[in-house]
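The first chain written gets the first letter, and so on, giving A, B, C and D; residue counts start at 1 in each chain.
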């Protein structure tokens, strides 16, 4: 049986700018903030909803009305009770001002109301099956109305000492060193959380993070916090466990943006040639140590509605060369923008450069830092660029933004950056989003995946696997599709 | 020097009435490293130092004087080693004594005053501390007593304001004062033996005279044995009891001072004595020719310090100096150190801008020209610099150094270089030397290169600022001869700046005496030296060491 | 002296403002802006979001206005607000400054102390094996990439031997206080300070050695010997002090880099210092923060130039402090 | 010249240094022939330890690239970065230092304040900023390194020139009618050669190291192989494959050592005054 007590040292990388995840939604902020803030629902590894702040929920058969019943005795960290008023404030006011994704989702909502303290009702304009998967803590953290109402949300001093309902309370943030959270004694679930203290250490260098784990200074290395080359060595250490779970909700998928606007990338055959030219198995085995999976669809296989459709692109340089010959490619050199997120990505760019070079596409790597990368991709100033994106639980949320014509707009590196435009595809995405129930959506998505696979608007690489490495005495550290960020509530130390 | 070898003249030392030697250097040979110009720095030399007596060691530069002295102190440079011989301090052989025994000898029983007063003191330590250190090194006295003793010593050597001097850093003292501090340090423990290595060479006559007097007095009072190294026969005549003459590492003549000075036997000694410049007007007075240079009311004020927040301090180095220089004439400028001689010279050639006044070269006023006009006039007036080492670019070949001027005025480099070779010949150097670097020449040769450079532009006037002060007497004589000949041949006018009155007397037509930036007297050499009108001139002449004795020589 | 210092300080302020202006344009010349970076990180952007961010940061104003606003606040000793960290820049820097100063000052002291000592020993034993050894080791430290050395140090002392912690500023959550905390910080300090110090130590060794050898040939050393002083005393009292001047110059240069000169070491050892803050600010285009660090660092450089000049005067009474 | 060689050859360290440097240059020149394949080519299985396979003497890196080939091909880039950036910073630093020292006054003031600006930002940080601004490429890296390394040159030269300016041979040159340009060029600069040589040999080393540090922070040029790149990349796998970062580290060390030895040798050999000492 789980026993209470103990503390855990984790890594957060890079240092988050803020822990107020209603405003700052980058990955490290979520990794820590998920313990402080909660949303209405959590999701299991199949992305099925589980209770969180909502103890139960009900969807009307027409798929238009969602009714949530809130937990009893939920209190914010400042001691004030959490009620449906806070939910309304969060959904109707706070997040509308701060979160683009929330604005998108709310565009489909007719109204939100709270008949009583413990009930919240969402009414949709038309059925939207993914709606049930949009209540994760990252998308909809419930913030205290009494603290924020009537203030400037972005400068409210509470952002520095975040106040949520979560299992852990903020204690201290020594910038550049660590963030400390402690057990929320008033948590509404009896006995939980088990751990007394979470300490997120900030160690900027990957090799040092590995050393920290080795020397026992760190108990849990969340996925992606050490260089891949170190993983085999660390996992071989005594008493060390590994899990790839906990990434189902984000399901990161990597690909190459191919700038469809310029020759020769405007030719689907050329793009197919790129797919054939790349040895993605090598990348998975050597660069990612066998973690992850070669992408077989624009959807991650962890995503609902994923299905493997023809054509598939196995490593086949001969075929690539044949295609290039067929279209009469003139050997124009292309520029490749790697992702400035550490050594693995740099190595990967070098490997891709070699692969493409082998079939006769000369490639020049342009290094840049994070700001430069953002600027270049957001402004379509590239030939080929590495990227990886979260799928956020549903194709209608995490996938269609990258392929629909309406998503072509400068300024964001996360929309349809490649400039792919196909009216059929647009229509299929629109239909699939509002089709109801799920089986109807599946049919459309099958066709859609086949079509996009054929067109190759971007060159898919891998479904990335980010194994979490941890000391085996910690149990239940991943209990949801969002992994460590919200599972520490269930984690305990085996005595 | 290609001279036939002569047998050394060693006069027997009279023994009666003289104390036994405290130091005996016997058959000392010091080997030079390979590749040196001769195998031994000194070869089988013998010296005896007796209490209460002063031995002068004279000889040309590089003859091994300093080497002998350093060997006695046990301070030979690493590159040389003692090949044979003994150095006996009473009964102990210093050469065979273990190193830590020597620490007790140095400073305590044998003390030394070094050649360079400017650099022989630690620049970062107060004077008093440096003297106290001598006691400390030998574990004597308490710190408080040391301080008192240091002050007492400074008083004894005749420093004007001893407490202030004690609390000064060396750079805050003048050269003469520094030299006296060195003496105080050497005398601190009342050593039996004092070695003084050219202690006055860099000093002007007045200061020199003071220091010589001081050493002589202390020597008599404390009954010290003194070894005094110099190349100045005036000094020798003034103070020596006994003289040893060295040449190329060997002793060529030695004996009691009077005998060596008044009846020298070895040709080298004779030559040295003959080369002593005499204090008497040389060249016959010229009939006044038209002046090539007229200086009117020349004033130079240095402004020191001065910045945003600092008060400015003025040094009035030259105050209203006026004179003329005739064609073919030599004008000497003399005066003690700091009297403004160099400042005048530098203003004449415009290395410095005069504060006011005019320098008329023909109808052009050098003092107020600028840019190309200045350049055009400048080639008519050139300068020979004092230091033959630092006035030649060490990284330029000699031929090019000489040719630089003509090339700068647009002459074809090839022609200029061939003319440089001719000039080398003219100043008595091997014309093949044009492709060598300055460091491959001796001091005297270098000074000739400097002269050749000044001549290259065919100027009308040459300013020579202490052009021979750094050279030893024999070479000095050569250079002076050369200047005289060239002057006659080329009809040059010469301004000759010096602090050595004898040199001025020898070659100048007229002499100008300066004191504190002002001209106190100007007139024909004979008149100035024969019948000085101004008291200051008289005091300068009086300070010349060994004047009467020198006159008796030769 | 007081006047001299006051004058220099006044001049320094003018220079500081010029430097700030130049830095401002330099930083703004880099591609990308903080809004784009933050939007990028959020994993989700729309035009409204970007516009909000730009307005919030004042990035919608023309560049000269931004400069004007910035200068105005700098003159009031306010370095503005960090866009990304939502925190006053001055506080962020003040937060990191102690760690940085601790690290670089200890490295400074170590390198200067050991460097001068080893250099003096080498010069005293010129040509002997101890001299060769010291010179060689110094050269090796000089020529080895810093981060490589750092990693090796961590592997050896932290992983293999387990003697010293390999990263961080103190043991997090140990709750030490007083002496225990000081010792804890000290143990964390050893490795980074040593690795950082080694490079400069090597430079000081070479400089001290060369300089002392030169001073050894000077006349006053001979004077000291003639006094009967023992070699040890001569080296210490006479030679070393006179040889120190070029070392002081160099030390001044090193001291100027105390704030921001340790980016690599701070990264490898997870030392929460300014260097890292600066590097992060740079890659996130956190203009105000980056400029703030630059301003502080420039102020340090000017300050240490001044201190060096004053020190010159203390070490060498000959130097009159002008301009 | 002969004299020069003689003096240079007398210095054993300098000769050893020269031999090493020549070997490195030869290696970089021969790289295309010894290793005709691109050094980036993934030719074998990753992580082959050194001295276990004849064909890959120094083993392979984490991507199965031949380390020996990388080392050989990287030599030219590293040397290029070192030498070119040093030359460029000398070209900036020498004129500025010489002019400031020679003319003094307001010229000096302006130039030195200008220099101070470049010193006021920590040099490595400035390099990072510059590379980020210009986007990493071998050119921008070289320029950035040059820009951050010239201030010491200028300062050093200014000091030297100030002391040389008052030397008598310079005054003699003024008197002989030479122009400022001639005086600086012919009289003063040749005499500053020794300290410049020593400084330059240190700067070449520093430049190679800065390049590798930039690589370490991900700001290297990924299209050219350099030692700095290999070290930076090998750093992450140092625990599994020490050799990947060891060999380029040793190569840098050797080269830097060689350059320093040569610098010291040159300094002695080029200084006529040193030969006087022996006489």
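Please note the rule applied: a residue touches a chain if its C-beta (ideal position, glycine included) is under 8 Å from a C-beta of that chain, and two chains touch if they have at least 3 such contacts.
Since the model is a prediction, treat every value here as computed from it, not as a measurement.
Trainee: For the chain pairs C-D and A-D, which is connected through the larger number of C-beta pairs in contact?
Mentor: Answer to which pair has more contacts is C-D.
Trainee: With centres defined as the mean C-alpha position, give me the subunit A-subunit D separation in Å.
Mentor: 45
Trainee: Could you work out how far the Cα centre of subunit C sits from that of subunit D, in whole Å?
Mentor: 23
Trainee: Just give me the whole-number Å value for how far the CA centre of subunit B lies from that of subunit C.
Mentor: 50
Trainee: Please report how many Å separate the Cα centroid of subunit B from that of subunit D, as a whole number.
Mentor: 46
Trainee: Residues touching two or more other chains, restricted to subunit C: which are they?
Mentor: 30-31, 151, 155, 267, 282-283, 323
Trainee: Do you know which subunit A residues sit against two or more other chains?
Mentor: Where subunit A meets two or more other chains at a single residue, that happens at 207, 340, 368-369, 371-372.
Trainee: By residue number and range, which residues of subunit D touch two or more other chains?
Mentor: In subunit D, 132, 135, 235, 238-239 touch at least two other chains.
Trainee: If you go through all the chains, which pairs of them touch?
Mentor: A-C, A-D, B-C, B-D, C-D
Trainee: Could you please specify the touching residues of subunit D with respect to subunit B in the complex?
Mentor: Residues 167-169, 171-179, 182, 186-187, 190-191, 193, 272-273, 275-276, 278-279.
Trainee: Which residues of subunit A touch subunit D in their complex?
Mentor: 206-207, 210, 227, 229-230, 232-233, 282, 286-287, 338, 340, 342-343, 346-347, 349-351, 353-354, 357, 364-369, 371-372
Trainee: Hey, which residues of subunit C end up touching subunit D in the complex?
Mentor: Contact set of subunit C toward subunit D: 15, 18-19, 22-23, 26-27, 29-31, 139-140, 142-148, 151, 155, 253, 256-257, 259-261, 263-264, 267, 275, 278-279, 282-283, 294, 297-298, 301-302, 305, 323.
Trainee: Which part of subunit D faces subunit C closely enough to touch in the complex?
Mentor: 109, 113, 116-117, 119-125, 128-129, 132-133, 135, 152, 202, 205, 209, 212-213, 216-217, 228, 231, 235, 238-239, 245, 249, 252-253, 256-257, 260
Trainee: What does subunit B use to touch subunit C in their complex?
Mentor: 73, 75, 102-108, 111-112, 114-116, 119-125, 133-134, 137-138, 169, 171, 182, 185-186, 305, 307-310
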